[in-house]
Amino acid sequence: MKHLLAVDDLAELDTSGPVATSLRTGIESMLDLTASFVEVTQRDIPKVPALRGKTVVSLFYEDSTRTRLSFEAAAKRLGADTMTFSVATSSVNKGESLLDTVQTIEAMGVHAIVVRHSAAGAPHRVASWTSASVVNAGDGRHEHPTQALLDAFTLRRHRGPSLDGCRVAIVGDIANSRVARSNVVALRALGCDLTLVGPPTLMPSRIDGWPVAVSYDLDDVLADVDVVYLLRIQLERIDANGADVRFPTLREYSARWGLTAPRAARLKPDTLVMHPGPMNRGVEIAAEVADSVRSLVTEQVANGVAVRMAVLWSLVGSGGPVV
Amino acid sequence: MSELVLAGGRVIDETGERVGDVRIVDGLIAEVGPRLSASAGALVLDSEGCVVAPGLVDIHVHFREPGREDAETIETGARAAALGGCTAVVCMPNTEPPLDDAAVVQAVLERGRRAACAVHVAACITKGRHGTELAPMGELYDLGVRMFTDDGDCVADARVMRGAFEYLGALAGSVLAQHAEDPALVHGGHMHEGAWSARLGIPGRPAEAESSIVGRDLALAKLTGGRYHVMHVSSGQTVELVRAAKAAGVRVTAECTPQHLVLTDGACAEFDPVFKMNPPLREQHDVDALRAGLTDGTIDAVATDHAPHAPETKASPFEEAPAGMLGVETGLAVVLSTLVEPGVVSIGAALGALSWRPARISGLDAYGHGGPVSIGRPANLCVIDPTLRWVVDAHRLASRATNSPWHEWKLTGKVRHTLLDGLPTVRDGELNQ
Amino acid sequence: MHARDDAANTKRPGTDDPGPMGEGHVASGAPVVLRTRVFDADDLRRALTRIAHEIVERNHGAANVVLVGLYTRGVALSRRLAVAIESFEGVAVPVGALDVSFYRDDIGLRPVVPLGPTEVPDVSGKVVVLVDDVLFTGRTARAALDALLELGRPRAVQLAVLVDRGHRELPLRADFVGKNLPTRAVEDVRVRLREVDVGNDGVELWGPPEGAS
C-alpha cells in the first residue's frame, strides 16, 4: 500500500504475510496494528523511534486544528520529523498552486504528505506529483479514511473484534459528508448492517449500488440499532449564494432528525452514540446525550492518534525496500 | 498554372463513393477519375489506400484568442484543426473580450486569414454573454456571422431567447445555437449527477439541466418559427426531445462531441480534471442514445468543442479545474476508431457528420466547404488513411495545451493530407510550413 | 505480572520469525534441510533448569529479578523460567513481554510487523533479565535494550538465551546461555516450543543439503 487516499486502499495492505486478500482483512490488520500503538501512547515515554529520520508533512488547505494536531502527534510519537503547511497560519500561499506547493515540498525530501483539502481528489493529484506516500486527511465530500478507521477501532473496543451484524444508523448530511462515505465502506466491509437516515435533500442523489438501507424517519430506526452515528450539519458547505433548499430551519432539522434527550431515552440500553466531532450541541445531538455514558465521542478522539500512528507506520515504516 | 494530383485514393462525399484520383488546377477541382496522369511539374500527393473527402468542418472550437493566448491562439488552433483534417472551423465567442462587437469579430477574422484553415466565428446572442440584452446581431451578420450563441453560458431567460429567435427571423440563414445547461440546476456541480458523483462526493449536474432548457427552447422555436441548433448534446433525454421535434417539423439541428460518443462519467473516478467538461460525460445509456441518434440522423453533426486550457490550470483538484477538453486534432480519428471500425456507423455517415452537414448548418457551404468533390468547386479536401494505427501523445499535439482525454489511446485512422483552396496545409501527416 | 493465557503468543504457530534480526533464518533464502537435532525435549528442559539456577545464583536470589521475554519464543521461554524459579526458590518472579519491532534497525528495508503487545511490569531498581531463544548478530538484543531503557530504569540488565550461535555484529554478549553452538552463516538454528510450534520441544540445526557448500 503506497497511499491511503480512500478506505478501499486498505485492500492492498501488505501485512508481511500474504497481501491482504480482501478489504476486510486489510482493515482488520490496520486495526490490530492500532492496538500496538495504543499501548505506546499509554507509556510514560509515549514514543518509539520507528520512523526516526523520516519527515512527515501536513498540507492542510482546510482549517482543522484537531485533525492536524492528531496527525502531527502521531508522527512525532513515531520519532519522525514534522513540517506544517497550513492555510490557517497562512503558510500556504494562496496564490501558489497546489502543484507548486507540492513540488516545493518534494524538493525538501519528505516521506509522507498528509493532505486535507476542500476539493475531492486533491490528495490523488498530490500523489501523482510526488514519490512520497500520501494520506488523505479529508478531501471535500469524498473520504476521510483515518476517521473511519478510528471509528471502527473504537466500536470494536466496545462491541468485540467482530462487528458482523452490528446495526449502525448514520444520521445527517450524508450527501456532503466524507466521514459518511468512508464509514459506509469500512463498516460494511467489517460486516455491519447500515442504515442511512436523514431528509431526502441530504441523501446522495443516486444511491443505487450502495450496500445500505435508507430511511427518512429516525424514530422508526432508533429502536433496533446498536450504534447511532451522528453527522455534523455542515454549515460551511452550503452554497452561500443560493437559497438553502436542504431543510427549512435548523429547528426543524433537529426536531425530526436530531438525537434529542427523549429519543435517546428510547434507545436500547446498550446502544452506543458516536460523532466525528466537532458537535453542534442542540442541533444533531442534545447536550446531555453528548455527555452521556453511551457517547464514545471522547474515546474516538483519543484513538485518533494511535490510528494515525498505525497508518503512518504502514506507509512509511514497515514497507518494502527503500527505492 | 499550378497543378496538384491526389493519386490512388477513393473519393467519398455526399453523392457517394467512387474510386478516383483528383486533379486540382489553380485551387479548383479540375478532374476526378481513376488513374489520372499528372502533367509535368504537377505536385503528386500519394493517396494510395486513402479516402479523399471534402475537408472537415468543426463548428465548435475555442481558439482562445483574444484573451487566453497562453492556452491557444488562432494560429496554433488552426494548425491542430488542419492536422485533424479540417479546412474550416467556427470559433466560439467566449473570448476576452467576447465576440459581441464588430471590431473584435473583425480582428479575429483578420487573424484567421493567414491561418492553416478557414477561420469563421459564431457571435454572441447577448451583450457580454450576460444573458440580458441582445448583442448587435445585425452588424455581426453583415460581417458574415451566421451562428449566434453565448456558448460557455446558457441563455436562461426565456424572454431573451424568444426575442433572439424572433429577431433572427429577419437575418436569412442565421441560426440560434444554445449551450443548454440551466444555471440554477448546474450550480456547484462539476460532473454528471449520477452514481459516480454520489460515490466520489463531487456535486453533480443532472441531465435534466440540459433537457429542460432544450425542451423550452424547442417550444420557443416552434412558436417563432426560428432555426435552433443544440450544441454538444450529452444526454439521451435531449436526443429524444430533438427527435420528436424534428418529426413535428421544428427547424432544429443538433451536434455532439466525439467524447460524448465514447466516454462516460466513470472516467472521472481518478479525479483527473482532463475528463471534466461542460456538459459533463454521462452514463453508458446516454452514450448509446447519442450513437443511436447519430445513426438515425437525430444528431446531424459531430463537433469537438475543442477547449484548450493552460496546463497549470488543469493541474489542480477536479472541482477547481476549468472544464473542457482538446479535440480538433483527434476528432476524426476517434470517430473512425470507435464508431466506423467496429461498424456502428459507415465511413460515409461519419464524414457527413464531420463535414458536409456541419458545413450546411453553419452556412460554410457557401464558402466552398463540405461540398461534393466535383469539377469547378474549390479544393477544400482531406485525405485520410483509414488503417493507419497511431498512439495519441497529448504533449505532441499541435495545440498549445495538452488536456486531451485521448492521451495514450491507440487510434486507427489518420489524416495524411489536407488541402485548403488547393494548397496543402498538411502533407504526409505533417504540417506544411 | 504473571504469565497468562495469551492468544497473541500463538499468533503465528509453527512459523519462523521473519527478517534478518529474526534469529534462525537463512538470509539468502537458499533451500535448507534438517542436519542435526541439537536438543530434544529433555535436553531443552535441562538447559532451562540450569539457566534458571544460574540466574538465581548470579543475582543472589530471585527477589529483585524481573524476566522480560522477547517476542515470540522468548516470551514462552521467560514464562518457563519463571515457573522453574518458583518451583525451587519459592519466589514468583514477575514476567513481561517485549516487542522490539519499533526499535529495529532495518525498518524501511523490509516489512516489519509488530508481534505482540508490550506488557512490562515496573522495572525501576530491578535486575531485568531479557530472554530470547537465539543470539545471533546481536541486533535484536540491541533493540531490546533500547526499548527496555525507554520503559524504565532498571538497576541492571542481563541477557539469557537458549542458543548462542556466534556471528556477532555488535559488541554484545549473553550472561546465561543454554548452548553454545558454532554455526556457519548459511545455516539456520530453529527452536521449537510447544507453546508456539507444532510438535515437541527441541532445537534443530538446518543447512544446505549434503554436498552443497
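In this document, chain identifiers A, B and C correspond to the written order of the chains, with residue numbering beginning at 1 in each.
Note that a contact is a pair of C-beta atoms (placed from the backbone, for glycine too) under 8 Å apart; a residue touches a chain by one contact, two chains touch by 3 or more.
Worth saying up front: this structure is predicted, and the values here are computed from it rather than measured.
Novice: Measuring between Cα centroids, which chain is at the maximum distance from subunit A?
Specialist: B
Novice: Where are there more C-beta contacts: A-C or A-B?
Specialist: Per the contact counts, A-B leads.
Novice: Between subunit B and subunit C, what is the separation of their C-alpha centroids in Å?
Specialist: The answer is 75 Å.
Novice: Counting only Cα atoms for the centres, state how far subunit A is from subunit C in Å.
Specialist: 40
Novice: Could you put a whole-Å number on the gap between the CA centroids of subunit A and subunit B?
Specialist: The mean C-alpha positions of subunit A and subunit B differ by 45 Å.
Novice: In the complex formed with subunit B, which residues of subunit A make contact?
Specialist: Going through subunit A, the ones touching subunit B are 97-99, 117, 119-122, 124-125, 139-143, 175-176, 178, 181, 204-210, 239, 241-242.
Novice: Sort out for me which residues of subunit A touch subunit C in the complex.
Specialist: 14-17, 33, 35-36, 39-40, 43-45, 47-51, 54, 78, 313, 316-322
Novice: So in the complex, which bits of subunit C are touching subunit A?
Specialist: Interface residues on subunit C, with respect to subunit A: 18, 99, 101-103, 107-114, 117-119, 146-147, 150-152.
Novice: Going by the contact rule at the top, pick out the subunit B residues touching subunit A in the complex.
Specialist: For this pair, the touching residues of subunit B are 187-188, 193-195, 197-204, 206, 270-271, 312, 315-320.
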